[in-house]
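Letters A, B, C and D mark the chains as written, and numbering starts fresh at 1 in each.
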Amino acid sequence: MPTDSVDRLRREVCALHDELVRWGLVTWTSGNISARVPGTDLIVIKPSGVLYDDLTPESMVVTDLHGTVVDGAYAPSSDTAAHAYVYREMPEVGGVVHTHSPYATAWAARGEAIPCAITAMADEFGAEIPVGPFALIGGDDIGKGIVATLTGHRSPAVLMRSHGVFTIGRDARSAVKAAVMCEDVARTVHLARVHGPVEPLAPEHVDALYHRYQNVYGQRAADDTTEGAGS
Amino acid sequence: MPTDSVDRLRREVCALHDELVRWGLVTWTSGNISARVPGTDLIVIKPSGVLYDDLTPESMVVTDLHGTVVDGAYAPSSDTAAHAYVYREMPEVGGVVHTHSPYATAWAARGEAIPCAITAMADEFGAEIPVGPFALIGGDDIGKGIVATLTGHRSPAVLMRSHGVFTIGRDARSAVKAAVMCEDVARTVHLARVHGPVEPLAPEHVDALYHRYQNVYGQRAADDTTEGAGS
Amino acid sequence: MPTDSVDRLRREVCALHDELVRWGLVTWTSGNISARVPGTDLIVIKPSGVLYDDLTPESMVVTDLHGTVVDGAYAPSSDTAAHAYVYREMPEVGGVVHTHSPYATAWAARGEAIPCAITAMADEFGAEIPVGPFALIGGDDIGKGIVATLTGHRSPAVLMRSHGVFTIGRDARSAVKAAVMCEDVARTVHLARVHGPVEPLAPEHVDALYHRYQNVYGQRAADDTTEGAGS
Amino acid sequence: MPTDSVDRLRREVCALHDELVRWGLVTWTSGNISARVPGTDLIVIKPSGVLYDDLTPESMVVTDLHGTVVDGAYAPSSDTAAHAYVYREMPEVGGVVHTHSPYATAWAARGEAIPCAITAMADEFGAEIPVGPFALIGGDDIGKGIVATLTGHRSPAVLMRSHGVFTIGRDARSAVKAAVMCEDVARTVHLARVHGPVEPLAPEHVDALYHRYQNVYGQRAADDTTEGAGS
């Protein structure tokens, strides 16, 4: 186990949970974040059922890609099997986030994809945010549904039917950003439709916005402290 | 009076009121928490009409199971009779919470049960969240309505008609968690239905989720700092 | 000018503005509080257009009951004429609050009274929250509309048509509580009606709840730190 | 480059971003503020994709009126071209703000102007808040749409179709206030219409309110710490 990488990711994954709280994505203990340890078959993930205020880097759990605990005093998140499946099947993924954020989960409860109707959504998701199948917790079904839905899709977020949101990213921070923006656009499009129909953007506009945002936005080169979202 | 237990519960019940504020369940002084003193016929409850910022462990009130003050300088919550009735009739209950949290109270105002339509709701409530009768404050009527509705029901939460939420738990913390999750699912299902019908989960899925959550989630054994909610 | 009373009220009125911010009733500088100096024809009121973060006891303005500045370096709130009219015509009033809190102002924009449909509303308001006439700022018209609507009405809150909320109380703190609870019930009843009709409570239930709350709730005797709202 | 003015504006523009966060107008990095350096063809603007917590006066970017960086270590906001176009074409403008605030962006997603239906809106905007055309980021199109829509219009805010809000002001603080109030009225009118039609104010009332607010509200003379919004 590469101790330095694991220690860094324990701190990073722990700290990123504060963003779930800050942006209103979680209630009580209802969301979790994981990160792949680069170059290994290990992940760092939230312990199950621990309150966000009580999280420490040391309480994070290290598991293999089948969810077996390799290091840590706590049981890992009850969603570990879904995270692990994604890492097994999508080698480009370095971070996974799961929430029940309210507006996005409302779309999931209806089983309705969020249409790509605003430019911020085209920037980050490049498409509608799709719906994945209903699946019970406890085996590989949720993971399979995530991978089947997101493979070949631009969107880093999937609305798992009657359940909530899973997002992926090249690292945990990117997946957290996708979860935050998913709730933001879920809310805006929800509100917009209350008073009338909302047209999706034209596909060529979505393409233009997505390519620009992924390639031009933010600080170039070795600046790791910046990231996108329309600013 | 077992002084150590009472002192511990004064601190715990006082501190838990912060969670009602943090999760947006209360306005001004509109919610209260109580706990049974284990092995006794006593409860510890919020004083009536004291602002959350002004609560101290010493200001908590100790009453018997008929709401008569046994210890404390303040009058107990005006809802004490309802709490006390629940403790008298439901010996397994160690904590009771009452709020007027907005989304849940909106369902209560219509007198409509919240259908069990998302997995987080199946986890925590194992069923719809039921509606109890309209009852006036001041006697045993509210308590009777709570007990009649929750007896034999999986849900630890009841929507008292045109009034608000009461939740029960094995201790005060469990009842607080139920109140927090009740508002969370009340909001998500409310939002979901704004744009179309929402199907309840299949009963066998509700059963599977409920049993797993109650038995597998969180940290096992002597770890009291963890608790459930989908993480 | 009774210096001690004025100094105390400058501190109290200044501090109470924090409650408007805390409960989400105000945006930028859009709400104000005043108090009558007991036994005088003077009031203490917020200065016009000063940000809440910048308010100090010294910045509060003392005016007579026609809004003429008696003491203070700033111009008084642009709503001073409305406050002053209320104090002139309603001698029992010791505090006035004005906000554009969002849910209550939404009812005001439609010109629709909030039906008394939940017990917390019966407790505090004892009736529907009525609508007052549309009136332009700058003279006595707003004050006249408030007084005409609230005279003989149990409700300490009025929804001024297409404008916002005014509340009254025996002192500034009571008027602030009424403004906080007005927004709370405006939100709950708004949410309730989204998914179906909401029946008002029976008049005899409203009466019973109102009389009990006004006479039984909270701490009796010389305890000034407690107040009502369903706890 | 007038160093004192630029340094002052770096601090001011940096600090004003806290108001976007405080009033809930931005998510992750999704909004930006700029100011014109008085008497020059320079502006100070947020760096692209930097988190609000990480902003410092030093990280602000100085560009000319074509968006070319004159001073600063970071790339400027990806919206710089739109800001710069506004400053080129509207010499009276000293500040520009861009957000995707949720309620206002919901109106923008439908392409519907916000009717002037409440007095706070007449005060600040003096008219409906208009919709500007859909335009892609990356050239002058957004800037042209803003200028074409706001020229000769009282409103300092425009809802850019399927995108979000741009506001202008005599300085950055005024533009921030317009962005804050735009979201506030977008929310209130949205909520009002949920339960029935909302009539716009009569034009003569809008005129009277607007003229009074722009000329009477707040502290006169050399008091720069005060500003309007109905207090």
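In the analysis below, a contact is a pair of C-beta atoms (placed from the backbone, for glycine too) under 8 Å apart; a residue touches a chain by one contact, two chains touch by 3 or more.
What you are looking at is a predicted structure, and each value in this text was computed from that prediction instead of being measured.
**Q** Overlay chain A and chain B by their C-alpha atoms and let me know the rotation angle in degrees, rounded to the nearest 5.
**A** When the C-alpha atoms are superposed, chain A turns by 90 degrees onto chain B.
**Q** Please state whether the interface between chain B and chain C is built from the same residues or different ones, using more than half shared residue numbers as the mark of same.
**A** Mostly different residues.
**Q** Please indicate which chain is farthest from chain A, where distance is taken between mean Cα coordinates of the chains.
**A** So the farthest one, by centre of C-alpha atoms, is C.
**Q** Report the inter-centroid distance (CA atoms only) between chain A and chain D in whole Å.
**A** 31
**Q** Hey, what residues on chain A touch two or more of the other chains?
**A** Answer for chain A, listing residues that touch two or more other chains: 194.
**Q** Show me, using the given definition of touch, all chain pairs that touch one another.
**A** Touching chain pairs, listed by label, come out as A-B, A-D, B-C, C-D.
**Q** Once bound in the complex, which stretches of chain D touch chain A?
**A** Within the complex, chain D contacts chain A at residues 27-32, 46-51, 54, 74-75, 77-79, 100, 102-103, 105-110, 112, 134, 136-138, 162-164, 190, 193-194.
**Q** In the complex of these two chains, what residues of chain A are touching chain D?
**A** My answer: residues 23, 117-120, 177, 180-181, 184, 187-189, 191-192, 194-199, 201, 205, 208-209, 212-213, 216-220, 223, 225-231.
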